[in-house]
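Heads up, the next two complexes both have chain A, just with different partners, chain B and then chain C.
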Partner chain A sequence: MTIEIGSRRGFVAMLLGGAMGLALTGAAIAQTSGQPVRVGGTLALTGPLAATGMVHKIVGEIYVEQLNKKKGLLGRPVEWVLLDDQSKPDLARTLYEKLVTVDKVDLLIGPYATGAILSAMAVAERQGKLLVHHTFGIPNLAKYDAQFPAWHMGPVPEKTVAGLLIDALAASEKPPKTIAIVTSKFPSVHFLAVGARDVAKAKGLTEVLYLEFEFGTKDFGPIAARVREANADFLYMGSIGLEGVQLLEALKKLGYSPRHHYYTYPAPGPMALSPDAAGALSTTVFEDQPPFTNNPGAAAFAKAYKERAEKAGLPYTLADVQGGASYAAWQILEAAVNATKSLDDKKLAAWIHANKVDTITGKLRFNEMGNYGDDLSKVKQVQNGKWVVVWPKEAAAPGAKLIAR
Partner chain B sequence: MRRYLPAGVLTGVALALAGLPLAHPPAFVESILYLVFFWIALATSWTILSGYSGYFSFGHGAFFGAGMYTTANLAGPLGVPFLWTVPAAGCAALLLGLSIGAVVFRVRRLRGELFALLSLAVTFVLATIVLNTRLDGGPGVYLSGVKLPKLYASPASTIYLLGLSVAFASLIAAWLMRRSKLGRGLFAISDDEDVAEVMGVPTFGYKLAAFGLSCFLAGAAGGVHAIFVFYVTVAETFSITVPLYVVLMGVLGGARHWIGPAIGAVFIIGVTYSFVGGDWALAGRAAVGLIFILAILFLPQGVMGLVATKCRRRRAPPEAAATTAPALPVVRTLLPPGPVLLSCEDVQLAFRGVRALAGVSLDVREGEILGLVGPNGSGKSTLTNVISGYYRPDAGRILFRGKDLAREPGHRIARLGVARTYQIPRPFARLSVGENVALSAMFGAAGLDREAAERRARECLDFVGLGDRADALPTALNLHQRKFLELARVLASGARLILLDEVLAGLAPSEIDNALDLVRRIRANGATIVFIEHNMRAVLALADRVVVLNYGQLIAAGLPHEVMRQPEVVAAYLGGAHA
Partner chain C sequence: MPSATLLGQSVLSGIFAGGLYALLGLGLSLSWRFLRVINLAHFGFIFLAAYMIYQLAGVWGLSPFAAMLLVVPCLFLLGVALQALFLRFSINEFGSLLVTFGILTITEAAIQWIWTADFRRLETPYGTASYRVGELFVPVAEALTFAVAVTLSISVWALLRFTYIGKAIRASADDPDMAAAFGVRGHGLALLLSGAVAATAGIAGTFIALIATLAPAQIFSWIGVIFAVVILGGLGNPFGILAAGLLIGVSEAVTMALTAPSWAPLVSFSLLILILVLRPGRI
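Let's look at the complex of A and B:
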C-alpha cells in the first residue's frame, strides 16, 4: 500500500486540503504530466518509534503535495512509496531492498532512527542508490559516499555540540564552573556525552559527577540523589524521550533544582510543559519561530505542519528539529534533481557533494567526514512553557536570551 | 520409508531453496526469505526446549543475543573471518545455556512460571553485562567493515544460505528429537516430570541436552543475524519482541510438534510483513493483532495440535463396552518366595522436624507379594517415594540386589528394576495410552528401543484389557481404566520390584476382583510386588506377607492373618482404647 500522491486518490486529498495548499504554494495549479517520479522510503509508523515516525510522515506528505502543486520533479508528478518498517532495522533493510529491486523506485529517502538508517544505507550502497536521510545521529558511522544527512550537526558533534552549549553558558549571567554529566547508554546519546567530558575539561569546567544509566531506566531516584549531592553548576544529561522529565521529577522530590541543565533529545512537548523544566536546555536546527520562520517557505511549512499535527492528534504540534530536518531532506532531493535535470543516482550524488543546498534549517554542505558540513545546531531553552532559541545570538528568537537561575 | 518422508520432503525443499540465488532473484526476495528462515530457526530452537519439555522460556532473546554479540565482537573488533563466528556464536550460547541449566534444573521448584521468569531475568542480566562491558559499552557494534564471503551467486546470498542452513538444522534437529528416545523423555517431562524421573527418564540430563541444543541453534541464528542487521545494539538485540514473537509462533503453530513453530513463524511473518503499507499501517497492525487473538482463541493447541487431534479421532476405534481384563495365559508359573530382593535398613526421613520415617527396616523377598499397610499418615507412601527415589532418606540404606538406592536418582533406580504406580493415577496426559506404556518400556529396566517398546506396549495393554484404547488419550479413560494403565506401565517397564500404591482405591467391588486377578498375574510373570493398601480384604487375599507401619515405624511383620490380629496393629487402626 502506498501513498499515491499524483494519483486520483492523491488528487482528491489535494482538493480536500485545497485551502492549505493555496497557502503553501500560492499557485495551486498542477503542472505535472507523465509517469510519476517514485520516491521510496520507510518510516517507523508502528512500533516504539512511531510517535516520531509520524512527524516525518506528515512532513513528507506536506512536501510531496507542495511539489505536485508546483511542477513535481522534472515536470512529472511525484509519488511517495511509503512503507512501514515497524521500528525494526531488519525489516527496514528488507523493505528498502523491495523498494529498489521490486518496486524499482527512482529515488530513496531515509527512514527514521539510527538503526533503520544504517540498514537503509547498506542497501543503498549495495544497490548503488543515492540516499538522503532525515535525522541520523552518529556521523562517524555514515561511511557510504552517496548518503547525505539532512540533520546538520557537523562531522564531530561530540565536540561541537557540547562546545556550543558551554559557550552559550559562558556568555550567560552565571557562567558555570562545575559540570555533572549523567547519560543514558542509548548509542546516539552516549557518544555525545562522552565527548562532552573532554570538551568541558578543555573549556575549564570541573567535572564533579559522571554517571551512566541504561536506556529504559524508569527509577531516577538514586541518580537524582547523586546529582543533588554533586550540586554542579551545570547538569548535562545525555537523554532521549522522557528520561529528562523523569530525572527532573526525581530531583523535585529531593527538593533540588539544577541551575543550568541540558537534555540531548527530549520529547519536546512533555519537557516544555513540565513545571519542573523551566530553563531546560537542548539543541535544535529548526523551531516554529523567528528567525527560522522569517523565510516564507519555512513559515508556510510550519503553519501546514501545525494544522496537520493537530488533526493527527500529535501531542506536540509545533515543527521542531525532527520536522525541520525532515523537510530539509526533501529539499536536498528536490534541489539535486532540479539542478541536474536527472534522476541518475551518481549524477545527483556528485552534485550534492559539490554544492550547497538552501533549506529551512540553513545552507547545507556535504563535503566533510560522513558528508556532513557545518554544525548548524542552536541552543534552545524552555521559557514560560515554550521552547525558545537563545543561542547563538543571531539565531535567537526576538528578544530571547539564555536565562540562568 | 514413510516415517522418513517428512525429512525427505524437508531436505528437498531446502535444496530447492538453496538453488534460488542462482536464478538471481531480486535482493528483496532473498531478504524476506532470510527473515522467514531466521524466525523459523528461532521458533523451532525454542520449541526444542519449551515445546517439548514444557519449560516455558521467555529468555530465548538472551541466547540469540549471546550469538549476536559473539559474532559482532569476533567479526568486528577482533577481525575473525565471519564464517567462523557463526559456530562460535552457537557455542557461546550453548555454554551460557548449559551453565544456567546446570544450576536451575537441579532445583525442583524452578518449574513453570518460575522458570519463565528466571529465563526472562537472564535476558536482562545479560543485556546489562553487555551494555556495561567492552562487548558493547553503549554505542553499539557496527559491522560495516566485515567482509562477507561469497559462497556463491553473491555475498548477500551468503546470508540467505546461512539463514536457510540454520533453519534447516533446527527443523531436522526438532524432527529427529521428536522421534528419538530423548524426545519421548522430554514429552514425559513436560506432562509430569516427577513421574518421568521415577519411570526412568534421566530428567536432568535430558533437560540439559534440550536446553543446550536449543541455545546453540538460537546462538547460531543470532550470529547470522548480526551480519544481516550489521549494527548491533543492546536495545534492539535484547528487546522483549524476540521472545514474545518466538513464543507466539510456537503457540500458534503447535509447540509440541517439530514443524509447528515453523508454521507459526511463516504465518506470523507472512501476516506481519503483509501490512507494511504506509497509509494504513496502524489499521494493518490492529488487523494482525486481531488475527492472532482469533487464532489463539480457536486454536489453543496450535495448528499442529488441531491436526494431531483430528488424526487421533480418526484412528481411535469406538470405546469398547467391556473394559475388564480378558483371561490371558500366565507367562510364568508361580515361584516360591526366594532370597531378599530389597532390604531397607533403618531408613529415616523427616520433613521440617516431623519424622515421616523413624528408622524403618524391612525385607522384600524375590517373587513375593508383600502387603504394606498402616493407617493414614503412617509413612507408607513416604517409604514408596523413598524407595523409588523421589525422596532421598536422611539416614539408612536401601539395598536392592546389593546396590544402595538411598543416594541414587529416581531414573537410575527405575533402570535397576524398580517401578511404581500412584494412588491417583498420573499418566502423561498428552501422550496416548500406548505411548504412555511404551515410554515405560523404553526407560524402565527393560530398556527397549522404540519399536520393541511399542510392541511390548501393545502386549501389556492387551494383558490389562486396554488393547483397543492404545490411541486414546488418558483423559478419555475412566478411573478403572487409568488404574489398569498404571499397571500396564509397570508391567512394560520390566521391573523386578513393583510398588503398587493403593491401586484398588476408588474401584467398585467387581473392578477390585479384576484388579486383584491382574496383580496375581503380574506377579506370576516374575515380578516381586509391594502392595500398599487400605483394603484389608484385598491384602489378606493377595499378600504372602504383611508389614505394618505406624508413625513411621514398623510395628509388625509376618503372615497376613497373624499380623492383623496383633494388638499393636488393631490399636494402630482402631485407636488405643480398642487395644
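Let's look at the complex of A and C:
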C-alpha cells in the first residue's frame, strides 16, 4: 500500500483508507501479518522534474503491490510513505528528516534526481540510515558508505559512458571524425560532457564546437545556428528532459539534421515520439525489449508498467531506463532484508556491500568508488518511434543495429 | 568570428523570441499600470490557455486557430471574474501580488491534475516548418507569433490613445475620482480591462502551444524574463513592451551566437538593472 502525503490525491487516499480499512487491502496482504514495514521516500511529484517523478511513482506502486501479494518483508505488509519534494533538493532534505524523526519509517528509498538524492544522502548519513536510490548521476559525490545506487553506470561514467558511445559509433557504417559538444550546465549532465571532451580527443575525434547553456534555456535558435554552422559528424548533447527535443526542433527549423546525435538524459516519451528525433542516441540500463525481458520478472514488470502508464495517461508507456533503475532499487532493498532477515540499517548495508544483487537491469555489485560496480550502460537509439538498444551487440534487441545517417 | 549567416540567423531568432516576450508581457503590463494589479496569475492563464488549445486541437482535432476562438472568450470571462474578486475584497497592489501568486499556484496544480506532469506537444504541420529566404530560415510559427505581437501592440496602443474607452481607462487609472466625476464607470471599465488582459493570455497561450512542448512547471520559467521586459518597456506602454522584448530577445540571441550561450540569461537582468539605475522612476 502507498500513502502519499502532501497532495490532494494522497489526502483522498488516506480518507478512503481510514474509512474502508482492511477491506481494500485485505486481499493484497493475505499472506502478511503484523505491523507494516514502513519504507519512506520522496519523489518529484510536482515541479520541473515531475514528468520523470511520475515514472518512479508508478514503479514503486507496482513493486509494493507485488511485495504485498507475496509475503511483504519479513512476513509483514509493506507501506510506502511517499512525500512530494516538489523537485526541490532543499525540501527533500527536510522531508527525509521528517521521515526518519517524525514518521519513524523503518527503511528509506531514494528520491528522483541527483540533487535530491544528494540531500537525502546527507540526512541518511546523519541519522545512520541505509539509503538505496534509483538515479544518482555523479558517483564521485556519493561519499556515504551506506548509500547504494541502482543505476549502474560504473564509478567513472565521465570516461566510460562517452567511451562506450564512441566505440559504438566507430563500429557503425559511418564512423564520425568530428564532434560538436553542446551541454546544459545541469550538474549531472555537465560533468559527463566535460569528460566526453577528453574521451573524444583520446579516441581521435576533432572537436569543432563546445558550448555550454543554462538549464531552463527556452530559445535554442542561436545554439542551433551554431551547431549547423559547425556541421560536425557527431553531435553530443549534454541534456536533461526536454532540452534535446528543443534543440532538434530548432535545428529542423534551420533545415538541418545532425548525422549522429546523442542526448544524456532525454525525457523518453517526447524524444522517442518526436518526428525529428530519428536516430537519436542515448544510454540505458533497461528497456522493455529482449534480452532484458527474457527475464520473466522483468517481463512481468514491463507489462504491469505499460498497463499503469496507459491508465495514468502517459504519452510513452514502455518501461525504460528510469523505470528499470527504479525497480532495481526496490529489488536491492528486498534482497537485503530477505537475506539478513532484519531491518537493521547496518546489517543491511554490510550485506549489500558484500553481495551481488540480481535485478532486472543485471547483477549489481557495490564495492567500488561511491558503491558503484560494473558499468551496465548500453547504447540505445530512436528507431520507428521507439527506443531500441543497439550496442553492445550482445545486449542489442534482436536484429537491431545502430543506424547511421 | 561568426559568419554573417550565423549572426543573421541569431538576430532573426532573437527578434522572434522578443515578439513572444512582448506577447506574454503585454497583459501583465496593462494590468499593472491601469488596474494596479501585479498579476502573476497571468502566467498561469497563459499556460491554461495553451493546455486548452492542446486539448481542443491536439486531442479533439480542431484547428488551433478555431480553438483560439473558443479559448479567448473563456479566458476573458476568467479575467472578469478575477477582477470582480479584487474589487469585492478591495485588494491593494501589494496584496494583488500575493493573491495572484496563490492563483498561479492553484492554476499550475489544476493543470497538472487534468493533464498530468508529463510533457504535452501539439503537433501541427507548421509547428516546425520554415521558409528559406536567401541563407536564412524563417520559422513559420515564430514569424506568426511575431506578427500577432506587433499587431496586438499597435491595436492596444491605438485603442488606449484614440478611443473613448482607452481614454477612460487612462483617466480612471490616473485619477479615479476625477474620472468618475466625468461619468467614467471605473468598476465596469476595470472588469472589461481585466477580461481583455486575460484574453491576451489566451492569444499568447495559443502561440505557446504552437511553439513549445508543455509541462506545468514551465509556467514559472517565464516569469523572470517577462518581468524584465515589462519593467524595461514601461507599464501600460505597448510599444515599449515590444521594444523591450526585441531588445532582450536580440541581445540574448547575439550573446548566444558570439559567446557561451550560458551568458544569455545574464543579459536581460543586466539590462534591467541598468535601466532601473539610470531611470529609477520607471514603475
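Here is the rule we use: the second predicted complex is superposed on the first by the 376 of 405 C-alpha atoms of A that agree within 3 Å, B and C clash if a C-alpha of one lies under 4 Å from a C-alpha of the other, contacts with A are read in each partner's own complex, and residues count from 1 in each chain.
Everything below uses one rule, namely that a contact is a pair of C-beta atoms (placed from the backbone, for glycine too) under 8 Å apart; a residue touches a chain by one contact, two chains touch by 3 or more.
All of these numbers come straight from a predicted model, not from anything done at the bench.
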item: Superposition on chain A - do chain B and chain C clash or fit; value: clash
item: Contacts of A:185 with chain B and chain C, given as first, second, both or neither; value: both
item: First, second, both or neither for A:310, with chain B first and chain C second; value: neither
item: Partner chain in contact with A:46 - chain B first, chain C second, else both or neither; value: both
item: First (chain B), second (chain C), both or neither touched by A:245; value: second
item: Partner chain(s) touched by A:225 [first = chain B, second = chain C, both, neither]; value: second
item: Partner chain(s) touched by A:101 [first = chain B, second = chain C, both, neither]; value: first
item: First (chain B), second (chain C), both or neither touched by A:82; value: first
item: Partner chain in contact with A:216 - chain B first, chain C second, else both or neither; value: both
item: Touching both chain B and chain C, residues of chain A; value: 45-46, 185, 212, 214, 216
item: Chain B - residues contacting chain A, complex; value: 26-29, 31-32, 35, 127-128, 131-132, 137-140, 142, 144, 156, 225, 228-231, 233-236, 241, 272-273, 275-282, 284-285
item: Complex interface listing, chain A residues touching chain B; value: 1-3, 42-43, 45-46, 57, 80-86, 88-91, 93-95, 97-98, 100-102, 114-115, 118-119, 122-123, 126-127, 138, 141, 143, 185-187, 190-191, 212, 214-216
item: Contact footprint of chain A on chain C as seen in their complex; value: 2-3, 5-6, 9-10, 12-14, 16-17, 108-109, 112-113, 116-121, 123, 127-130, 132, 137, 139, 142, 212-213, 215-218, 221-222, 249, 252-254, 256-257, 260-262, 264-265
item: Partner chain C, residues of chain A touching it in the complex; value: 8, 45-48, 50-51, 53-54, 87, 185, 211-214, 216-219, 221-223, 225-226, 229, 242, 245-246, 249, 252-255, 267, 269-270, 273-276, 312-315
